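Each of the next two complexes has chain A plus one more chain, namely chain B in the first and chain C in the second.
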Partner chain A sequence: MSAARDDVAFINRRSFIELHARERASTLFDVGTARELLGPFDRVESPWLPLQGVTPQSDDGCVVMKGKIAGRAVVVVALEGAFQGGSLGEVSGAKLTAALDLARADSEQGIPTAAVMLLETGGVRLQEANLGLAAIAEIMASILGLRRYAPVISVVAGTVGCFGGMSLAAGLSSYIVMTREARLGLNGPEVIEQESGIDEFDSSDRSLIWAINGGEQRHAMGLADVLVDDDSEQIGGAIRQLIEQGVPTQHRSSQAAFYRERIRALDPSRQFDPKDLRATWHAGVLAEAGK
Partner chain B sequence: MSDYTGVRGRVWFRALTGQDSPLAGDPKSVLTADAPIGASRARFLCVVPDSQGRFPCARHGEVGLEEAYTLAARVHEVIEQDRNNTKRPIVAIVDVKSQAYGRREETAAIFLAAAAAADAYGSARMAGHPVIALVVGHAISGGFLTHGYQANRILAFDDAGVMIHAMHKEAAARITRRSVESLEKLGKTIAPLSYDVRDFAKLGLLHELLQVSDPDHPSDEETQKVRDKLLAAIEDARRGPFDLGNRLESPEARETRQATLRTRALLESQWRAGT
Partner chain C sequence: MERIELNYPAKRKVPRRAHVGVVGSGDLEVLLEPVEGNSAHVLIRTSVDGFHDTWKAVLDRFFSKYDGVVRIQINDAGATPGSVQLRLEQAVEASES
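== the complex of A and B ==
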């Protein structure tokens, strides 16, 4: 992606991050093709939140839309970061899993249907604890089921980022698209500070967080496929291109031997410098690409 | 409800396989062995604590970078070896404290390592390998997603030392702004919040709860009993299908996961209605 930011383009760009989940999803489709499934008027809400005095939301913070992108069948699932931190509960988890399973069923019937996941999430919704974790295990299984037939694309735009169990879902995807504002990781900085102490991770150190989890770093390390600006046009373009590219020859998460060697080569007697690691891994990415 | 001891994984790995050491080239925190079960053999895998491990945040039974990639590699090995043969069963013996919470882990992308292990287990299941998780102790959060939760059948001991959960109690209480006491009280009425394995069983995700009188010291007789249960689960899993659909079919799931079933049914009918 070119990061050319001439003044006019910068002023005219339409921010993606500032959009809510529903707008984010609808902006990606070919004009007039999108249809929301199980929308807020169906009122399928979390049965567990009211039991704990938490107001549910009539779409459970998860928007499912089906339609066409670049003329091909696609389902987009957008998590709403503004509702319970985009966390996965029973209903939002079931929506995402069902969307992936239906895309697989259509793909098996000869209508390849890609999935785009717009991930703004801290992972499991702790008010639904074990059903949230179970839902994420099922989402992961469904990604593995679909990605044999059609690409599964994860987009982490920001500002919530993608953490917890859903970072594994991103890891299983065919492609990951990130902005510089986005963060991707298993454990958020606050969690690490709580579990392992402030010497391990100072969660108030913003530059450290972005140096490790930020989109630019993930992309440079070969862990995200496309780095985009916070621009709806650019993000839409990247998604169209990846959908046209189709299923990758080999998924990143299937290259265990390759990454195992990378970990073996590290010296964990001290913390890793994100810049050094970026340089080493980036060289590896280039070498792989040249093969 | 007991704290994590990290003893049970090794104890049951030894009981079921007769072996106790890692394979050549593997970290000491991952035990892998092929051992007889019924008339054939199965691959057993287990993550155990290693106080001398290279990564300081993964020395106490957490699943870290090395553990996740080793599990992934050892499971892919089975898929490769059995490509044209009968699919060997894979048994994940689960007693994991959690995922590793460290800066090194995040910098080197533990999310991808964890995904790689889940990818391996899930790919094995889809290729027709019976994948069984045997929860003998703790199965917490990302640790369980990485090692065990992609299994077609999950067995767990019916024992107070067994804990399957999204987050350990203290952290969950802190994040949801509750006391540990009020969290425990809520768990008595709201099944998904409970830390008790019998409440977990109400979610319908388990194939079976196993009665074992002394899970810290398995006798030969009880080991054989568990082996028989594993074998029955393996035979059941072989019949397919190879997805996780069975988790929604139990009477418990039909009761507790009504919202999941309703969501799936409605979404499917609306999906079909438009095409």
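== the complex of A and C ==
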């Protein structure tokens, strides 16, 4: 944390993390332009959760809002981390996919429509496993469809983070915005510890987890584009700027050769500490460029 | 998961519908919407079984002061009676403002 940070401003900020999905989404739009699609009173909820004794939520934990940001057409999809860990099931997955597809259809009709995904999710909802997996595949296809026309921006604010299949979706997006509190990774720490042992990853070691998966490290390694404070204004500003920036000349996920070189330069037989990893990661590329 | 339905006499028209809360641990979601007629209908779906009497006591107390002709749906993930009361009051506030 930089000493130069304005502590008074930080204390007086409007937290983004403390907001629920609907509030997070609505705070991003130009005043008076947002409307919710398939809201709670449409009662399109999971048909599978009640069969397993789990109370469903009237919006299936997925809030879709359409409106304008910086005067441009944008759809915002916010996942509710407090409901079933923000997991993607049949309904929430279909809502997210449909939102992206409609944005693409509008973009093809000459109204470029960007998408902002507020990701607070552990990935596939285990109670709807196969349908959730199918949903992730559809979401990824829809991101690839839209991002040619308009930017797809993923925001991982915290505190659930973004894991599992949805981390792949984040990886396909045009830009990733993270806070220091947020985590982004394919497998969650508990999963890695369970599968590979505590020597590989100690899921009770919070500083280790954030030093690997945390927003600051992801940003320092170039795997996230913008690092922001937990501040609604700052996050909104970052999103406005990225929407104005438009589609990147090259998406991160199109640079496979570049990242393959970076990974090749790492020696996985030794244990890296996070600072060390950062340095080696960047040095590997410099060495590669010097050849 | 348990389903509980309760009915109360009511007479006052309510200006608009309201949605508050999240089905997160210890919390609940309330959907309140105006309907026609002279009674209020409450549907509760709760993840915690066996608390019918407690739910009835909380709703009885709520409707001892509230007379809106509404349909209320509660999706609950183990909220305490205090939280339920506060969410109901929040929903009423949102529907009257």
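Following the convention adopted for this analysis, the second predicted complex is superposed on the first by the 272 of 291 C-alpha atoms of A that agree within 3 Å, B and C clash if a C-alpha of one lies under 4 Å from a C-alpha of the other, contacts with A are read in each partner's own complex, and residues count from 1 in each chain.
Simple rule for what comes next: contacts are C-beta pairs under 8 Å (C-beta built on N, C-alpha and C of every residue); 3 or more make two chains touch, one makes a residue touch a chain.
Because the structure is predicted, anything quoted here is derived from the model rather than measured.
After alignment on the shared chain A, the placement of chain B and chain C results in a side-by-side fit free of clashes. When the two structures are aligned on the shared chain, A:S254 is found in touch with chain B, with no touch to chain C.
In the overlay built on the shared chain, the residue A:S207 is in contact with neither chain B nor chain C. Legend: residue contacts after superposition of the two complexes on their common chain; A:M140 is shown touching chain B, with no touch to chain C.
Contacts of A:Q109 after superposition on the shared chain: neither chain B nor chain C is touched.
When both complexes are overlaid on chain A, the residue A:E80 reaches chain C alone and has no touch with chain B.
Once the two complexes are overlaid on the shared chain, A:Q57 sits against chain C while remaining clear of chain B.
After superposing the two complexes on chain A, the closest approach between C-alpha atoms of chain B and chain C comes to 15 Å. Residue overlap on chain A between the chain B contacts of one complex and the chain C contacts of the other is empty. On the chain B side of its complex with chain A, the touching residues are 54-57, 65-66, 69-70, 72-73, 76, 99, 101-120, 122-123, 125-126, 141-142, 144-146, 149-150, 164-167, 171-172, 174-176, 186, 189-194, 200, 203, 205, 243-244, 247, 257-260, 262-264, 266-268, 270-271, 274-275.
Chain A meets chain C in the complex at residues 20-21, 39-41, 50, 53-58, 61, 80, 82-83. Listed in rising order, the residues of chain C touching chain A in the complex are 1, 17, 19, 22-25, 27, 29, 31, 33, 45-47, 73, 75-77. If you check the complex, the residues on chain A that touch chain B are 35, 37-38, 42, 44, 46-48, 51-52, 64, 66, 90-91, 93-95, 97-99, 101-102, 106, 124, 126-138, 140-141, 144-145, 164-165, 167-172, 184-187, 191-192, 194-196, 200-201, 212-213, 218, 221, 223, 251-257, 259-260, 262-264, 266, 268, 271-272, 274, 277.
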